[in-house]
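Sharing a structure, written as C-alpha cells. Questions coming.
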Amino acid sequence: MSQPTPTYRPPNFAGIRTFMRLPHKTDLAGVDIAIVGVPFDTGVTHRVGGRFGPEAIRSYSMLLRGHNSVLNVSVFEYCSAIDYGDLDVTPGYLHESHRQIEQGASKLFANNVTPIFLGGDHSISLPLLRAATAKYGSLALVHFDSHNDLGHGSYGDKDSHGTPFRRAVEENLLNLDHSIQIGLRGSNHRADDIQISRDLMDVITGVELHEMGMPAAIERIQARVGNKLAYLTFDIDFVDPAFAPGTGTPEVGGFTSAQTLQLLRGLQGLNFVGFDCVEVIPVYDPTTVTCLLAANIVFEFMSLIALQRKNNQTQPIQR
Amino acid sequence: MSQPTPTYRPPNFAGIRTFMRLPHKTDLAGVDIAIVGVPFDTGVTHRVGGRFGPEAIRSYSMLLRGHNSVLNVSVFEYCSAIDYGDLDVTPGYLHESHRQIEQGASKLFANNVTPIFLGGDHSISLPLLRAATAKYGSLALVHFDSHNDLGHGSYGDKDSHGTPFRRAVEENLLNLDHSIQIGLRGSNHRADDIQISRDLMDVITGVELHEMGMPAAIERIQARVGNKLAYLTFDIDFVDPAFAPGTGTPEVGGFTSAQTLQLLRGLQGLNFVGFDCVEVIPVYDPTTVTCLLAANIVFEFMSLIALQRKNNQTQPIQR
Amino acid sequence: MSQPTPTYRPPNFAGIRTFMRLPHKTDLAGVDIAIVGVPFDTGVTHRVGGRFGPEAIRSYSMLLRGHNSVLNVSVFEYCSAIDYGDLDVTPGYLHESHRQIEQGASKLFANNVTPIFLGGDHSISLPLLRAATAKYGSLALVHFDSHNDLGHGSYGDKDSHGTPFRRAVEENLLNLDHSIQIGLRGSNHRADDIQISRDLMDVITGVELHEMGMPAAIERIQARVGNKLAYLTFDIDFVDPAFAPGTGTPEVGGFTSAQTLQLLRGLQGLNFVGFDCVEVIPVYDPTTVTCLLAANIVFEFMSLIALQRKNNQTQPIQR
Amino acid sequence: MSQPTPTYRPPNFAGIRTFMRLPHKTDLAGVDIAIVGVPFDTGVTHRVGGRFGPEAIRSYSMLLRGHNSVLNVSVFEYCSAIDYGDLDVTPGYLHESHRQIEQGASKLFANNVTPIFLGGDHSISLPLLRAATAKYGSLALVHFDSHNDLGHGSYGDKDSHGTPFRRAVEENLLNLDHSIQIGLRGSNHRADDIQISRDLMDVITGVELHEMGMPAAIERIQARVGNKLAYLTFDIDFVDPAFAPGTGTPEVGGFTSAQTLQLLRGLQGLNFVGFDCVEVIPVYDPTTVTCLLAANIVFEFMSLIALQRKNNQTQPIQR
Amino acid sequence: MSQPTPTYRPPNFAGIRTFMRLPHKTDLAGVDIAIVGVPFDTGVTHRVGGRFGPEAIRSYSMLLRGHNSVLNVSVFEYCSAIDYGDLDVTPGYLHESHRQIEQGASKLFANNVTPIFLGGDHSISLPLLRAATAKYGSLALVHFDSHNDLGHGSYGDKDSHGTPFRRAVEENLLNLDHSIQIGLRGSNHRADDIQISRDLMDVITGVELHEMGMPAAIERIQARVGNKLAYLTFDIDFVDPAFAPGTGTPEVGGFTSAQTLQLLRGLQGLNFVGFDCVEVIPVYDPTTVTCLLAANIVFEFMSLIALQRKNNQTQPIQR
Amino acid sequence: MSQPTPTYRPPNFAGIRTFMRLPHKTDLAGVDIAIVGVPFDTGVTHRVGGRFGPEAIRSYSMLLRGHNSVLNVSVFEYCSAIDYGDLDVTPGYLHESHRQIEQGASKLFANNVTPIFLGGDHSISLPLLRAATAKYGSLALVHFDSHNDLGHGSYGDKDSHGTPFRRAVEENLLNLDHSIQIGLRGSNHRADDIQISRDLMDVITGVELHEMGMPAAIERIQARVGNKLAYLTFDIDFVDPAFAPGTGTPEVGGFTSAQTLQLLRGLQGLNFVGFDCVEVIPVYDPTTVTCLLAANIVFEFMSLIALQRKNNQTQPIQR
C-alpha cells in the first residue's frame, strides 16, 4: 500500500516535496486517494499566481501528521494514497487547458480513485466536474466561496474563474436540488447576484453563516446533500483574508480557520467523489498562513475519505 | 451624474487609480459623495507612513463593486460620487497642514457634499471637525479606536495623533452628550485614561464590546447618537492587528473584519455629515489585508449615505 | 526602585532596546520581576530562528504602557522590574546550552525574583523548570500550546522542543495533579497522542476550548492549579497563525489574541513562580503581529505578578 | 501645453497617481509624448503579475523630476506630455487582447504622438509593433533583453511572451538590417538559440556586453540603427535581478542600473517612434527597486524624445 | 577602557542591542568614540521611517568584528568606545528637535569625543554641524549623497531633509573651500541644480564618479580637504538602491558597497571631528542589506578614527 | 540515460520539484551527476534556516534550461543526471548529522558519481570532504567564501560552520599545496585571521580580487590547482548581499553574479570530484535572487562536468 514517509525519518523538511511525503506515482492501481496539482491561473480576473499553488501547498503539507484526532481516524490506516503530480496545462490558453485538465482528471475518476485537486484558479472546477460527471453523472455541489462564480461571462462573454458553475449548470453537471453554496459575501456587481444563486440551489450567505453558526450550517448542508454523490469545491477566499491573505479576490468579513475546520469535519458521512481546493496564490502569502491552511484543508478532505472507509468497515491497512 | 467606470470594461486593474474608478473631479456641483485623501502623517508618535494611505486604499478599492447586498442598496443608484483627489499638506509641519486641511475640507462641506476622508494619521480629524462644524455646528462623534486620542499633549505639550479630540473638546466642536467612543483597549499610560473618556462621553471599551456583542453595541450607539448630526471617525487600529496589521500603534485583542462590518452596517439611519478612515500605513501591510479592509469600510460609509437617500425617497439615478 | 523610562520622554522609539525601556541590570537586589532572554533555537524540528525572539519582543514592547486597565493594576506601582539581558547559550549544542540556561536561571530564582523568560524554542522550558524546582520543589504546570511536547524523543531518541515535559515528568519536576495543558490541536503522529497527555494531567484540547469558551476554561484551570506553586509556559503557537504567524510549527484552528488575553487575565490569584513565552520567530513575522502579541503576553504576566502583590497589601512604590 | 504638476505643490506623494503627475487625458491634440499602460500578462510562461506593472511604475514615478542633467535637457520644456491611462485588454485571452492593444496603440501613432508603453508582458510588443508599422512601415528594433523572444511557439505552437519577435519577423514588421538585440544571456533551450538571433540581426550577448563595455556597445547600436526609424523595447530582465528582481524570468549575470542608464543615454540621436518597458511584476519587487528603475528608464525615454526636439531647434515651451 | 563584549561569548545575537555590543554609557570621560542615535525623520519629503534607523543599524552591527584588515587596524586597540544611546527628539516638530539634537550633540563635542551619529533623516546634519562648529569652527564637509541638499526650502520655504547644507552655508558652518559633494545624480528639479553645488564647493557627480573611478576620486577628496578639520556626512542613498533599498528617496544608477568601502578607506589621514550616516529606513529594507551596509560604514568610520590614533603613535590599549 | 523533463511540456512550473525536473532516483548505476540536498543548519552562528535551502534551490532551478552557451555545452548531451533527494540528518545534533552526511555522501563517491551538494550550512563540507577523500585521497580545495572557516572552535571549542576547514586540515583531507581561498573579506575577529589562511594555502582576498580582476584570478586558481583532484566549495556569501541577501553571515563589498559566473566558467579543465553550494537561507531571500543564483551556480557546476566529458571525447548521449 502507498504510504507516506514517516514524519521524522528523515526530518520532515528533508527530501523532494510531495504532499505529506507521499510517494509520487502515476500508477493508480490500488490507490484510494490521489493528490493532484492543477497549476493553472489564466482564468483569474484580478491578482494572479495560482500556478504556484500546488508547489506551496505541498511544501506546507510537511507540517501534517497522519492522525486526525477530532475525527478519530488515522488516514493511512484506511487509505492508500499517492501524490500524482500535476496535470498538464497550457498557460495563457483557457480552453485548451480545460481540455487537458478534463482529460487528465478523467483517468483518476475512471480508476475509482478519489482525487483531491490543488488549484489553480476556480475555472478548473469546470473541467474537473466534467470529468467527474462522466464517471458518476450529475453531482451535488458543496461549494465554499465568497463568490457564487455563476457569471455568464467576464469582459463580455469570456470564460473565467467567475463562470465555472454557470457552465456546469448549462451542461447539467450539477444535481442542483442537492447543491449548496456557503459563504457568499462582499460587494456585488448587481442587486440580484445572490438571488441568482438562490434560484438555482440552496445558499448560506456569509452574513447568514455568521448568524446561524457552524453547527446549524452543518445540519443544513447534510440535509441538503443527503446521500447523493457529491463534489466539494473549496475556494480559499471563503476564509477571511486575515486567515488566508494569499488569494486573488479576497473578501473581508469572512471565517476563521477554526470555523472552517469545524464545518469540514461536520461533512462526515457525505458521499464525496472528488474535492478541490483552489485560488491559493503563494506570492500574496508572506505569512504562509494561507498555504498552511490549504494543506490542512486537504488533510480534512483525506480524513473524510478515510473516515468513510473506516465507517464502512474497511479493514485497516497492515503495516 | 458622476458614476464609476463599470467593473469589467476595462478590467478592474486597468487605468488610473481613483477610488472605485470614480471620475477624478474637483467640481462639486451635483456631487453627493466625495472621496478625499489626506496624506498627512507628521502627527504620529510611533510607526509612520500614513501619507501613502490614500494611494493604497484607492488601489485596493479596485476589488469593490457597487451593490451592498446586506444593506440592500446600490450605491450609485442613489448617489453621485467622485474622487476629489488629495488635500494639500505640508509634511513635517502639523499646524500649517492642519490649516490647509481645514481649508480644503471646508469647500466640500460648503457644497453640501458628504465627504469621506482617507487618512493619514488621526490628527487630521481635528481640522476636519473644524471644517465640518463651521458648516453644521457641534457634532455627535462616533469614534472607533483602540485609543481615546484625548491626550493633552505628547512630548510635553505637543499636538499629535493622540490629541485631536482633546482639542475638539476644548474648541466645543463635539456634541458630547451624543458622542461615543468604541473599542478602547491596550495598556494605558495612566490609571485614569479610560475614566477621562467616560467623564466626557459614552464609552464602550474593547473588553466591554467583546462581552456585550455587536447587536447590543449597535443599539447603544444608535440610542446615544439619536437624530443628531454626527461625524464618524474610524481609526483602523480598532480592528485587531491580525485583520489590520498596517497601522502605527496596533493593539492586540481587537475585533474581526466581520464584526467591524456588522457594527458599521448597524449605524444605518444616523445622520452623518462626514466620515474618515485613518491610520492605514501600507508599508506595514505586506498581506494587503489592511488596505483592503479600509476600502471596504469606505464602501460601507458610502452605503450608509446611499441608504439614507434611498430611505428618504430619493429617486434612483437614471442611467 | 527599578522603573522604566517614561513612555514619551524621549519618544518610545528612541534609545537602547530593553523590555519596556526597563533598566538593563544584572544586580538582583530588590528586584521583583526580571525579563530574561533565552536566545536558543537548536531544539526545533521545523522552522528555525527563535534566537532572535528576545530582540524582537523587546523591540515591540516599546508600544506598551504601564497600566493594565482590565486587571486594574499599574505594574510599576507594585513591582520593581529590570531587563536582565539574555542568558548565555551555545548555539548548536542543546545539552550544553541547557546547562547554561539552568545555571543562569538559578540565580534569578535564588534571589526571589519572579523571572519572565523570552524564548527561544520550547526545549528551554526544561532547564528553566529544573532551575525553578531546585528552589521551589515540583511545580504545577500551566501549559498553553497546540502540541503536548511530551515526546519521548525526536529522530529516534533525541531531546528537542517536542520533549521538554516528558523529561520534566521523568525528573519529577511537575506537580502533575495540579498541572494542565490547554489548546492541543492539529494532526497527530499517533492516535494516542492526546491520551498520553490525559494520562498524566488535565487537558483542554483546542476543540474543547472552542466549545467550552474562555470563562469555563478559566474556572477549570483555577480549580486544577488551586493554591499550588505554579509555572506558566506559553508556546505562541497556542494562538492561531492568523494572529501569530511568526512561529515554527504553526497549527491552524487556534485562538484569537482577544481570547488569549482573556484567558491569561483569568489566571489572577494563582501562585506563579515563573513564566516563559516561547517559539516566537521574528523572520516569519512580516506583519509583526506575533512579536507585538508576545510583548503583550509578557505584559499580562507582569500584571499578574503586580496584581498578586497589590492584593497582598504590598505598599505602592513611591516615586 | 500639457505639463506635470510641480514636484512639491502639493507634495509628490499626494494626488491621483499618473506618471510624474502628468494630466490624465485621452485627447491627443498637441501631445508629443503619451505614457500608456498595457496591463496584460497572459503571455507569460513562468511568474505572472505584470498586469499591475503600469500602476506600480506610475507610483514610483513620483520620485522623478523634470530635468535630465546628464543629457542636459528639461523634458517638459520641449515636450507636451500626458498620461493616457491604460489600453483595454481581456485577461486570459491573448489574441483578443492583442487586437485591443493594436487598436488602442494605433490611435496614438496616428496622431503623431510618441508613445511610451508600460507593460505588461513582452507579448504586447507584437501588437504595438503592428500598430507602429501601420503608420511608419518596418522599423529598426533596438531590443534590450536577456532572452531573444524569437521562439516559434511555447507549449507546442502557442504565442507567448517568448514569441513576439518571431511573429514580427514573419510579418515583416522589422527592418532587420538595422535591428539589434542586446544582453542575451542565461541557459538556453537549444544550442542554436543565439545563432537564431544572429542569423536575423545584430546581437550583443550579455557576456559580450560585459567584455566590450558600454561605450563600445553604444557605438555599435548607433552604427547599426543609423538614421532609420526605430522602436525601442526594453525587457526589464536585461538588468541583473539584484537591480530588478521584480520580473518573471530573471537571469543572473546581468547589468547594473548605472550601466543601463549609460546605454540608454547613449542612444541619443536615434529616430525612435515608440518605446516600451515590459515585464515589471510588482509583487516580486519587495524592495521596490525594479519599479523605481522602470520609472527612471521611462524618464530616459522621455529625455531622448525631448533632446531630439531640442536638437531639432524646437522652441522651448513657454510657461 | 570601554570595550565591546567579545564576539562569541555569549553568541553575538544574545543580549541587549548596543552598537557592536559596546557598553551603553553616557559618561564621556576617557571616551574616544561614541555611537549616537538620532531617531528623527520629520524632515523627509517622501518615504518616512528613519526613526527606526538607529535600532536597525545597532541590530545588524552584531555581525561586525573589531579588526579592519584592509586598513590594518584593530579599532578597540586604539580607541575607547561607547554606545551613547539616542538623543532626545520631538517627532513632528523639526525646529524643536533640531534644538534638542544640537544641545545633545554639543556635550559630545565638548568632551573631545569623536561622535558617529546614526540617523534619522538628513535634516539632522544641520544641528549636528551647529554643535560641531561651536567647538571647532567652520568645517570642511565631505558629503556623500545623490542629492545636494542645498534647497532653499521645500513646500515653499520650509526646512526639510533637502535643505540642511543651504542653512549650513547661510550660517557659515562650512569651510567651503575645502568641502566637496560626491555622488550627485538622478533627475533634477531645475536645470541649475548641480551648478548651484559647483558654485559653492567641489563636486563629483555620480556620472563623473563612475567615469573617473574610485582611486582618482579619493585623490580629489584628499586634495580638497587637505589637513582641515572636517565632517563626514553619508546619505545612504549615495549607494545604489540594489545595495541599499532601505531609504526614502532612492536614486538608481549609483554605487556598489565595494566601491563605497573603497572610497571611505581612501579617506584615511583626514581630520574628521564627526561623522553621520543618515536616511536608513528599515521598513523599506526587507533584504536587510541596507542596515548591514550602514553598520559596516559606521565600522569604517571607527576604523578611520582608530587608524588616525595609531598613526599618531597612540599607545595601544592594554587589555 | 537519466534526463530532465523537457522545459515546456508540461510548463516548467508544473510537477514535483526536483532539480531541473531531473528524475528523482537513488539508483546510481550509470549516473554521472547527482544533485544531493543536505538540509542541515545546526552549525550556524548567526542567522539560521539553511535546512530549507535545498527545497528553494530546486524550486528556482525551474528557470534553467540545458544548454550553456558561454561554455558551449549541452549538459544532458554528455551527462546522465539525477536528483538524489536529500541526505538524512538529525537537526540539532551536529556530530551525529555529520556522521549521517559522511555515510550518505560516501555512497555517491563510491559509485563514481560526481555529486553536487546543496546546503545547508558550511559545516557540511567537513563530512563531505571526509567522504570524498575516502575515495580519492586528499583534495585540492577551491573555496569561494568571504570567511576562511578555519576557526579552531566557536564558543570556546565547538565545531560550527566556522571550523570545517580547520578540521579538514587537521585530518589531512586537503592537498594544501594546491588549495586556494577566494573572496575573504569583512571585519575580522583577530588581526591575523587572513594570515592564518595564507600560512596554509593560497589566498585571494576580496579586496585583492576586486583589484586583480576575474581573468587574473582565474589564471591564479588554474595555476594553483593544476591537474590535481579537486573539490569546489561555494559559500553563497562570497557574492555581495545585494546579489545574494539570503544567507546567514553576509558581508558587504562582495562580487556580482556576473563576476561569479565568469569565475566559475574560468575553472573549466580542473579535475573536480565534487561540489557544494552552501549557506543559502530562503527565508532571508524575499527577492528570491539568492536562490535563483544558487541554482545557476549549480548549473555552472554541471556544465563544468559536462564540458570535461565533452572535451574528453565522451560520445554524446543519444536521445
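Chains: A, B, C, D, E and F, in written order; residue numbering restarts at 1 for each.
As a working rule, a contact is a pair of C-beta atoms (placed from the backbone, for glycine too) under 8 Å apart; a residue touches a chain by one contact, two chains touch by 3 or more.
In this text the structure is predicted, and so the values were computed from the model without any measurement.
Shared contact partners of chain E and chain F comprise C, D.
Relative to chain C, the chain whose mean Cα position lies farthest away is D. Counting every residue number used by either copy at the chain A-chain C contact, under half are found in both chains. The chain with its CA mean position farthest from that of chain B is F.
Mean C-alpha position of chain C lies 41 Å from that of chain F. With centres defined as mean CA coordinates, chain D is found 55 Å away from chain C. Chain centres here are Cα means. That of chain D falls 38 Å from that of chain E. Residues of chain B in contact with two or more other chains: 9, 11, 13, 45, 51, 90-91, 155-156, 240, 242, 256, 284, 286-287. This structure has the following touching chain pairs: A-B, A-C, A-D, A-F, B-C, B-D, B-E, C-E, C-F, D-E, D-F, E-F.
Taken in their complex, chain A has these residues touching chain D: 41-45, 47-49, 51, 90-94, 96, 155-156, 158-160, 283-284. Chain D makes touch with chain F in their complex at residues 45-46, 154-156, 186-191, 193-194, 205-207, 210, 240-242, 245-246, 249-256, 284-287. On chain C, the positions that touch chain E within their shared complex are 9-11, 13-18, 24, 37, 39, 51-52, 55, 58-59, 83, 85-91. Of all residues in chain A, only 7-9, 11-13, 62-70, 72, 74, 240, 242-243, 256-258, 260-262, 286-289, 292-293, 296, 299 touch chain C in the complex they form.
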